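Naming follows writing order (A, B, C, D and E), and every chain is counted from residue 1.
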Amino acid sequence: MAHPRHGSMLSFGGGPNDTATAEKPPFQNAPVPTASQSSPGLRVPSNRKTIYDRHLNRSRNAELSRASFAFLFSEMVTYAQRRVTGIQDLERRLNEQGYPLGLRLLDLLFYRTIAGSSSSSSSASALSTSSSTTSSPPNRPLRILPLLHLIHGPLWRLLFNRPADALEHSVSPDTPNEYMITDNDPMVNTYISVPREMSMLNCAAFVAGIIEGVCDGCGFEAKVSAHNQPSEMWPGRTVFLLRFGESVMEREKVLEKAGVK
Amino acid sequence: MVVYSFYIFDRHAECIYKRRWLPRPVSITSKSSRPTSDLSIQNNGGAPAVFGQSARTTDDDAKLIFGTVFSLRNMVRKLGGEDDNFVSYRTNQYKLHYFETPTNIKFVMLTDLKSPSMRPALEQIYINLYVEYVVKNPLSPVEHPGGVGVNNELFEESLEQFVTRVLT
Amino acid sequence: MYVSNCSTSLRAQTNKTRAVYSLIIINKAGGLVYQREFHSGLHKLSTNDYLVLAGTFHGVHAITRSITPRLPLASTTTNPTTASHSTTASLSLTSPSGTTTPTASTPTASNNPNNPAANTPSSSAYSYPIPSVPASGLEFLETDKFRLTCFQTQTGTKFLLFTDPFMANIDVVMKKIYELYADFVMKNPFYQLEMPVRCEAFDRHLGSWLRGRI
Amino acid sequence: MSYYFTILSPTDAPLFNIAFGTSKSGGDGIARFRFPDTAQYMNQFIIHSSLDIVEEAQWMNGNMYLKHIDTYPPAQAYISAFLTPSGARFLLLHQPPQLPSSTSSSGGNTGSSSLLGSSFSASALGGGSSGRASSSSIAANPTAPQTEEAVRQFMNEVYENYVKTVMSPFYRVGLEIKSPVFRARVTAAGRKWL
Amino acid sequence: MSSTTKTARIGEELWKTRVDKVNAELVTLTYGTIVAQLCHDYDGDYTEVNKQLDKMGYNIGLRLIEDFLARSNVGRCANFRETADMVAKVGFKMFLNISPTVTNWTSDNNQFSLIFEENPLADFVELPDDGRAQDELWFSNILCGVLRGALEMVQMQIDAHFVSDVLRGDDTTEMRVSLVRYIEDEMPPDEE
């Protein structure tokens, strides 16, 4: 779990080149040996192909059967179920399994827009959180809203080939840090029928984990959970509740004042 | 249209008549068909091949057939109601036709898949052959304890003609 | 009173109702795992009755396969591929109901014991009416009031569909049911194999698909 | 021009670092830092001292490539930063060669000599005075647009290889990147762009 | 036209018309997180991880066969060679959009190899450089279990295991599959 730096209040007063400020922790560990590592590294096939020779965009539009995902996911749930007691535990484990995907997809998404920004414009617009269609490299989300748009749009499209269905901010004044992303028919749950006695469970906790990975990765520490909100039309409708941490909300205030959108 | 066999069961579940028609020895026509009685797994590891059956006597067959039609008849009565009648069933190899009289005498005929519904034929056999030559024959016993067959030649010959002339 | 041939009058009466009455699924051990009525038309049975029906049908289905007529092969047919005629006598290894199996330890064929040397003259070899396909059990059953279609998968699961006698393209319906089963039962982590099917998504999709069709 | 490049995890744990010299205009790619023997500690110290600026810039400037963000006059070290969306930070310190003639504005050299630690092997070879202060644009003025563009290209290429590293399911955040292939790729990027 | 290309065409056709598709990276990353989680749960005991992956695959295979049969409605395979083609050209094609090569048949036709030119499950993957993984871990071992489970359901008991993997530095990824025996149908009176 990547804990973003617990940045103390950002000191904006300090000039750009004030050197080491008092509270900066001296670098903690021993200097990293720069000489090349002793272990000869991994064995590679005779064609010397490694993951560094594989172009990141190769599998960009690749497809596999939905069944292969469904069977893997079903086995992941069954495996997790055998090692936990209770629904919360199961959802936590699914969340943990999804979390590492969030970090990776984040980098993959941004890399594709850099690599793609020169070529097809579609990719650039795919990530243009702001309305501008300039093909400049993507902006890292600085505020909660652009982050949510990144998740609701490009991330969902990468995962499920369509954007999420709704994006809302909680209306109640005492939970300003809560936002909701809704998916009427989460792909991961399509084939899953939760037994009545476990009706609270929502296996899309896996996707909640992915979202949490993306939020933490971007520096917006959050807790994300998946909740059933069935409707007549959409029996599988799921609302992903994102609860941002205190430090994030404070930063939001500071950035708001500083006019950062 | 090929008839394979024909059975009559009385209301005591006794098989009172059975007859098999062995069609001309069939040669394995299609070359591609798996060798039906080839045992070994060497050359093609074929899915379980058909092989000589422990020579089941025709009596065993009759018992199995009765068991089958009896169970199916009851199932049909249970689902479709007392006034529903089991007519026929087919597998991917043969068709079994069934006709039961109000007096619980059961007529069963096995044919190939191409044959149409044999219900009318079974009724004919009941009306014109069985009633005429067995029931009305003073010599034949009313009941057929111990499966004493319907062993009068008149019935046999007329059945033979009926099957060979009318049906095939 | 002799019941005349009433099937014709019956046909007129049921003309309009092209209905699927109900579906039963039987696991490969003969246990009832699913039963649902879609359209009234058949008598309602108690759950226990359905259990009994499933078990009985499972046995009957196997028997209907085993009483498939055997057409004796005249021993004179010199069919190259049936070079080795074998009789039960020479079958030392396999039990009558067993299939030919290489010994588990060394599947090599060289010491395949049932390579019949002896070739007794009175060959009881025979073939099925349609040798190209392995014999199946009961697939369709007709009655005056309904028609039962039984689809057995290669894995041994049986789908029994009760419909009105004159419903068309049942194979399309059966294929779709099998697909929905493969999707919403087999891919459901909360379904345990061979156990009763209680998958809400399976019921939902099956219901809406069938309703949409008829 | 000598470079010191490091990757820090979102929690500032060092994941990777490398020192190399420019290969432009006849450079031999060997790092020759001003204070060769203390270069390694010096460079890390300078880098860490600029982390605050990175932290600020991170939330003011949405770009991934933050360009030149800090200078450490005493060592004439210029620091450029690149932020990955998943929180990792690429920091590049570049130091133009010491011009023999010019009294380099090292006035601000705050008695860092007392930090002289064990000698740093790579620079021992260079002996500090590289003599041929090449006049190529990149070497000459580290903050020129061409330099920024060159550093951007370098950062992008490193980022591509970084993403390939983290995509493996066995990579966990904060894990050092020890792959010699990655190191070779960064060296190649350095040779190509810087 | 050889039966292999005919089967390959069936596989191609089924992939185009009968298979719902998802983004490949989602599947790849999901499998990756499963393996990583296993390595974590069994704290680096790769032999145990291999076993777990095989077990998971077996559970999947028991179910996946129904999906395969429901969508491909291919008939029963006449022999083990036909089964191998069906697995490689239709099974793997329908589920992973790849067609591994079937080679190295033993003379008794009871053993063959699957050569995976591409393996979507191992995309992006680099084994841990801990000096053990490359000797002990079979990353895609779930596939062996899937084959074993699926074929068992159609009365074929087989054994499947990897003999080489490019992730381990080998030149090819090869799985060895061998027929142990045909399983008698459970239904007693089924005297075929």
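Assume a residue touches a chain if its C-beta (ideal position, glycine included) is under 8 Å from a C-beta of that chain, and two chains touch if they have at least 3 such contacts.
All values derive from a computational prediction rather than experimental measurement.
Taken together, chain D and chain E share the touching chains A. Located most centrally within the structure is E, per distance between chain CA means and the overall CA mean. Ranked by separation of Cα centres from chain C, the top chain is D. When chain centres are set by their Cα atoms, the one at the greatest distance from chain A is B. Counted by C-beta pairs in contact, the busier of A-D and B-C is B-C. Chain A and chain C, compared by their mean Cα positions, are separated by 49 Å.
Averaged C-alpha coordinates put the centre of chain A at 31 Å from the centre of chain E.
Averaging Cα coordinates per chain places chain B and chain D 93 Å apart. Centroids of chain A and chain B (each the mean of its C-alpha atoms) stand 69 Å apart. Multi-chain contact residues of chain B (touching two or more other chains): 34, 42, 47-50, 53. The residues of chain A that reach two or more other chains are 39, 41-42, 50-51, 54, 67, 71, 73-75, 78, 100, 104, 108, listed in rising order.
Annotation for chain E: residues touching 2 or more other chains are 29, 33, 36, 63-64, 67, 76, 108, 110, 124-127, 129, 179, 182, 184, 191-192. Against chain E, in their complex, chain C makes its touches with residues 28-30, 58-59, 62-63, 65-66, 96-102, 104, 107-110, 133-135, 153-157, 175, 178-179, 181-183, 186-187, 193. Listing the residues of chain C that touch chain B in their complex gives 1-3, 5, 7, 42-43, 45, 49, 53, 56-57, 59-60, 63-74, 76-77, 79, 81-88, 91, 96, 99-102, 109, 112, 114-116, 123-146, 162. Across the complex, chain C is touched by residues 62-67, 69-71, 73, 75-76, 108, 110, 153-154, 178-182, 184-192 of chain E.
Interface residues of chain A, counted against chain E in their complex, comprise 39, 41-47, 49-51, 54, 59-60, 62-69, 71-76, 78-79, 83, 96-98, 100-101, 104-105, 108, 158-161, 187. Touching chain D in their complex are the following residues of chain E: 29, 32-33, 35-36, 39, 124-129, 133.
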